[in-house]
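Next up: some structures, all given as structure tokens.
Both complexes shown next keep subunit A, but they swap its partner, so subunit B is in the first and subunit C is in the second.
On to the complex of A and B.
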């Protein structure tokens, strides 16, 4: 067999390559002059990601073109995942701006921090565009490995190191299980290419018949491995500690982008490659969704630390998104399941990074992260309190905020798929979550302030928070184009 | 029974014994030796399967690099610090055993009852022989069909390297002084949640030493004794004096 060397279609790779170029530039400037890096790193990371965001428009995603053989797919799904990853990346960089603006953490290597953050964004974009299992796994690992390191960035603090270690060990364990599952899929179907796997399975699986036990084992291993990555109960053990221990801007980032990567991987593996087994995995995801949302929302009630509370609330939101995937019916044009999840992730980026951003904003001013620390915020900083209230109400699902529309589309998908019980569960759990989200609001507006307040100026962080608050308020009303983009997914995945 | 099957059975048995030794041995160094034994036998099995490249990689990477890493860690960690030495935990041992046996049975059942089998790929014996052997065939495939995966692996390793360097880099003295002077609440991400109702003990100030801005702008700390900084570990838990 002769060696086939084919030049890749570089034009399809422009957005991730811009992110990669930004990383190289960041590290190069840091290597030459640390002082220059401190000044230019943040603007560079922002401009690089904005350029990548703009360059998304240069690719024709509708064709579903592939390059590097079929390893890299530039289809609608890849577009939406890249879009969410880049938007979250930009917002996270803005939230991280406090690191330099108030100069409180002297040990932070800013260029390395941003380089790792961009590596994670890059990995997430790769997962979205993955055409085979190996590329998918590598993207997933890259998006996670960078965040393991970021979690331990406050290495003086024991909780930061502890959270990072738990995240790393459980993540590595999950990857091992995931790879084992992939090996089984390869062994059974003879291919690692997602579309080929689906093709082979379609010929051997007949709906209604009991599944080959080997195939079931592969499915279970994949589900467990991916469940760890998206922090679904019972694979969530690392989440609260990692969220609480990590530096707050990192918590903001890791509550969104690795989750986007995880859900993109779930969609690529289960919806695209294992679509013939959809009867089995849709039921499995439905059960996982139910216990995840119940556990996350109920345990969040008991938390007094805001970051830990948001960690459990993130588990709850994972449950809502899984419910969206469980609404999968046939993968034809009218199927809203994956589209609703993509829109949910998009909305979640704004409100969750925003909520963590307000906590970072408070910490810049000398406050801690507990409920007592936000007491009386409305008197001290009315705008900050208002922003936080917007994010909390949006996470709760109050109309007409962005979070309401996210839940609405998931519920719509569930009703169309005939899974009424999950739709009811989402509504009930949203009501439960009102308890701990509204508690933050009442603390801010009806309590006396305490603690020391240190006025500092953080213009970039403020800009980020304003952007996210405005987006949370307004994007819900003009969500049409994004939702339409997300609903193109059947063209990409089936 | 042909000779090949006999050799395979022998290698497989020794490999399993080595793996058992890893788990059973009380001394971590004995475990490492068991691991080497297991790895080398697996490498020999790869040779029987005519996967020469895989065998060489197995010896270099696993029996070489990974074992060196394991031995290093064993040397660096005091054996008394290992959790097993703080009393046995029967519940954990039983749980681990049950879960392991369950997975083994599951895999065995899946192997024995499967009806699917992978489709043969393009690399038939003749195709492999035509390019000169397994190693050549592997190289050709890796650098044509799996080019993207190779490049991404390089990037993944780069990201991991950057993360490891950042975390392992020693702190500059100025950073440690600055961190010790800062009240902890101002630190980004200070947890005061349910898990840690008590605040960490107040940090001892670097004695009554004085901080004088020197000409270069770097602070000079006058410490009373050399122990003053060494008592505070670079990172990790604050020890109360």
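On to the complex of A and C.
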């Protein structure tokens, strides 16, 4: 068969291409003049992502158009994932800005740093728009590998390098399992295109019957590989070490965007390609969700290091999101499962990057990252303490903050799917999580301050924190449009 | 006839704005200039009320202004609308007019208080709430502002919250009112469940559909609210204690306006009460008893403000009696005249207090007439009006109530009212004589009593004129101006024919009774022909009964407060600390232990982590292949 070259539909590719262009520009300026790069890198990264964000409006996502054959899908799901990735990217750049503003880690190549960060955002956008397994894997790895490098960015600090190495080794291990699972799927169905796989499976699987072992093995291998990406228990071991070791802005970033990529991949693979097996994987996800949320929230109680505590809390939130996916009911009317998870990711981006951002803010003022370091913060920096309190309460799920609505929609999805036990588990675990989130608040408000305080100015970080705090306060009340966008997913995935 | 206007909202809006501005900016910026915000605002409200009253009364049409829809839930639909009919505008005039004078008076009275701005934030807030209460067009909005005036009352009684007695009095007022409000709320709910609407008009139209039992229950529950708010037996105990608040507050809230909310509410809801003779009978009996009991207590008090306070309770009792016997217009008439003379009496005692450096005990006053002539004469006018001396305001309205009770089929209650009138004259002039006549029982060289400054004196004079002449609004009896004004509201009520001889006879009787009281007071406290101590000795238990407020407070303390206190203590120490805290702490400890155990799993070694992934994979794959596939089938 002669090879036929078809020009891709460029107009569909505008948002990721803008990000890619920004990366190229960043690296080019850095190669030419390091001094110029120092000055222009931050604004460039911000403007580039903002432009990409605006350019999302130029594509008609409702069509579900594809290009590169069917490898790239510009559908509703891709839009929401790109939106979350870009918003998180912008917020992370703002948080990172503080790190360089205060000159805390000298010798950091700012342009490289931002280029890596944008690579990861780009990868995540690709996962969201992936139409086949190869593109999906490409996006996922692009998103992850960039973060491995970012984790090690404080290269003179041992914990940074250690966390990165662990993350990388285990990530490679998990990727191998994932690719192995993909190979099984290809072998069984003869296709790597997500929609074709679903089509083929529909013809061979009868609901309610036990499954062919080979197919089940493929499903489980995929689930394990993806479970690592989203840090579900028992594939979570890398998270606390990596979160604690990485430079704090990187922790902020990697607690959100790789998780977005991971959940996008889970949705693309399980919901779209393996939908006929939903009886099997929905139950599996439900169990994983329960284990994950219990483990994450309980162990977080024992942590005194805030970054580590947030690492475990991130595991707990993964559990809530998995529970949202477990509410999947074949995309029938009233199925809110994937939509609720997308909204959760959106909400999570603001409050979690915000929480890490406050820690970064403190580090720049010469404080450490343990609970003792935030003691008496309210007296010293009332606004920072208030901001942190907002994020903590939101992560806990306090109405009317954004985090409450995120949990609320997941619980709603579960109740409509009849999975009451998971809904109850989320509520109980939220109560448990109150312990360690509120402990931060009591430390800030009811303890005497200690340690030294180095006053520095970090306007961009301050702007970022303000944005996130305001969003956490206000977006919950006006969550309608975003939620509606997220609830378009059945058009894309089923 | 109804006319929609768009300026009615000014009446509540102006004081609300003043309250908000003073509350937000008062502490740092406005401070001692706060009255420049509050006084003009209430003035605007008053002027607008006059316009509203003129429009309504001259054209005989109701004013109406829809504001917005507050609740829309299925068939439960609550619009917030302002409605002004004849009854409303009379109340509006009383509320905003007296409020305005009290605001002016407060400029002088509160002059040196550090909480000046706070005072001028709460006071207009009260005016706003009261005006909204009066303008409401459904029971829910009425209830909301009923609670709001309760809140303002709480804030203002406890205005000097650092003083323990003030804080306690505020709490007492709030709690006692809550008991009444509980019944009130139940009544509104019962109304809604039986009629599916709370709109005044719709409710009154639909009343005939209800069974007499339901109507009686609704009416009695609504009246429970009035018992609390208007300080009727047996919930009147909060009002005398409320005198802990600044005196202008006593004048405004606890005499002239808020406490009349209960009377107003019953008058507003008169179609409900008319449908239930039993409820009306209860209202009348409670009113008469309140009038009598409070009057006897007032006779034995030595604190000048408490005398006036019990007198308020007694007069409210007269109003309730009037409502109960169907004398709706005399009730509102008495409300109007009472507002003037009671505000006057309070402001007058405030002036005395001011001059005597916060002395309230009449046993340490005396002879003030020579230093404070203006205060004396205005106070005497107020006292005479209260006592029902011809031709001052109180005479006309009280007389009509007694006539109403007589022809309304309750001659016995009319007699109780007459007896109470004797005590009224007695305690009122006892206060006058003890305070202003005789020799000073304090050191005039140390205290220099003097008449108050202009901001306080002018309201006194205006109120004194009001107390003297407002009675003529109801002259001639049964056909005066007030009767024509309010006639349209109470169309549905039955009218008893009153003969001229009865009117004259009752007028003569009540005048004689009042003069008898005056003569007794004169004999006891000026001429000294009767020794009060000897009388008290002779009456023994009866005197002690009255002096201790008929032991209501003692009874509540023993039968309600202390048992509740003990129960709360038990719940706290045994149930809460022992059981609930124990359970919470126990489960917290278990979780913390688990967390410490699981934490050990995180060894930090990559090999262990990889092993966990591998083990997890094997476990998952094993379980699923075994149970979920055809492998072992």
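Please note the rule applied: the second predicted complex is superposed on the first by the 493 of 494 C-alpha atoms of A that agree within 3 Å, B and C clash if a C-alpha of one lies under 4 Å from a C-alpha of the other, contacts with A are read in each partner's own complex, and residues count from 1 in each chain.
As a convention for this text, a residue touches a chain if its C-beta (ideal position, glycine included) is under 8 Å from a C-beta of that chain, and two chains touch if they have at least 3 such contacts.
Quick caveat, the model's predicted, so the values are computed rather than measured.
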Key: Touching partner for A:258 - first (subunit B), second (subunit C), both, neither   = neither
Ask   = Is subunit A touched at more residues by subunit B or by subunit C?
value = B
Inquiry  = Quick check for you: in the superposed arrangement, does A:128 touch first (subunit B), second (subunit C), both or neither?
reply    = neither
Task = Could you say whether A:302 touches subunit B, subunit C, both of them, or neither, answering first, second, both or neither?
result = both
Query = Just subunit B (first), just subunit C (second), both, or neither: which does A:217 touch?
reply = both
Ask   = In the superposed arrangement, does A:435 touch subunit B (first), subunit C (second), both or neither?
value = second
Key: First, second, both or neither for A:181, with subunit B first and subunit C second   = neither
Message = Taking the superposition on A as described, I'd like to know which of subunit B and subunit C A:16 touches: first, second, both or neither.
response = neither
Doubly contacted residues of subunit A, that is, touched by subunit B and again by subunit C = 212-213, 215-217, 302-303
Ask   = Along subunit C, where are the residues that touch subunit A in the complex?
value = 588, 591-592, 594-596, 598-599, 602, 604, 606, 608-610, 612-613, 615-617, 620-621, 624-625, 628-631, 633
Key: subunit C-facing residues of subunit A, complex   = 165-166, 169-170, 173-174, 177, 210-213, 215-217, 220-221, 223-224, 228, 234-235, 237-238, 240-241, 280, 284, 295, 298-303, 432, 435
Request  = Could you pull out which subunit B residues touch subunit A in their complex?
outcome  = 106-107, 109-111, 113-123, 127, 130-131, 137, 140, 143-149, 152-153, 155-156, 158-160, 162-167, 169, 171-172, 174-175, 178-179, 182, 185-196, 235-237
Ask   = Quick one: in the complex, what on subunit A touches subunit B?
value = 1, 3-6, 8, 20, 27, 68-69, 71-72, 98-99, 104-107, 109, 112-113, 115-116, 119, 122-123, 126, 132, 134-135, 138-139, 141-142, 145-146, 148-150, 152-161, 184, 186-191, 200, 204, 212-217, 244-251, 302-305, 307-308, 360, 363-364, 366-370, 373, 451-452, 454
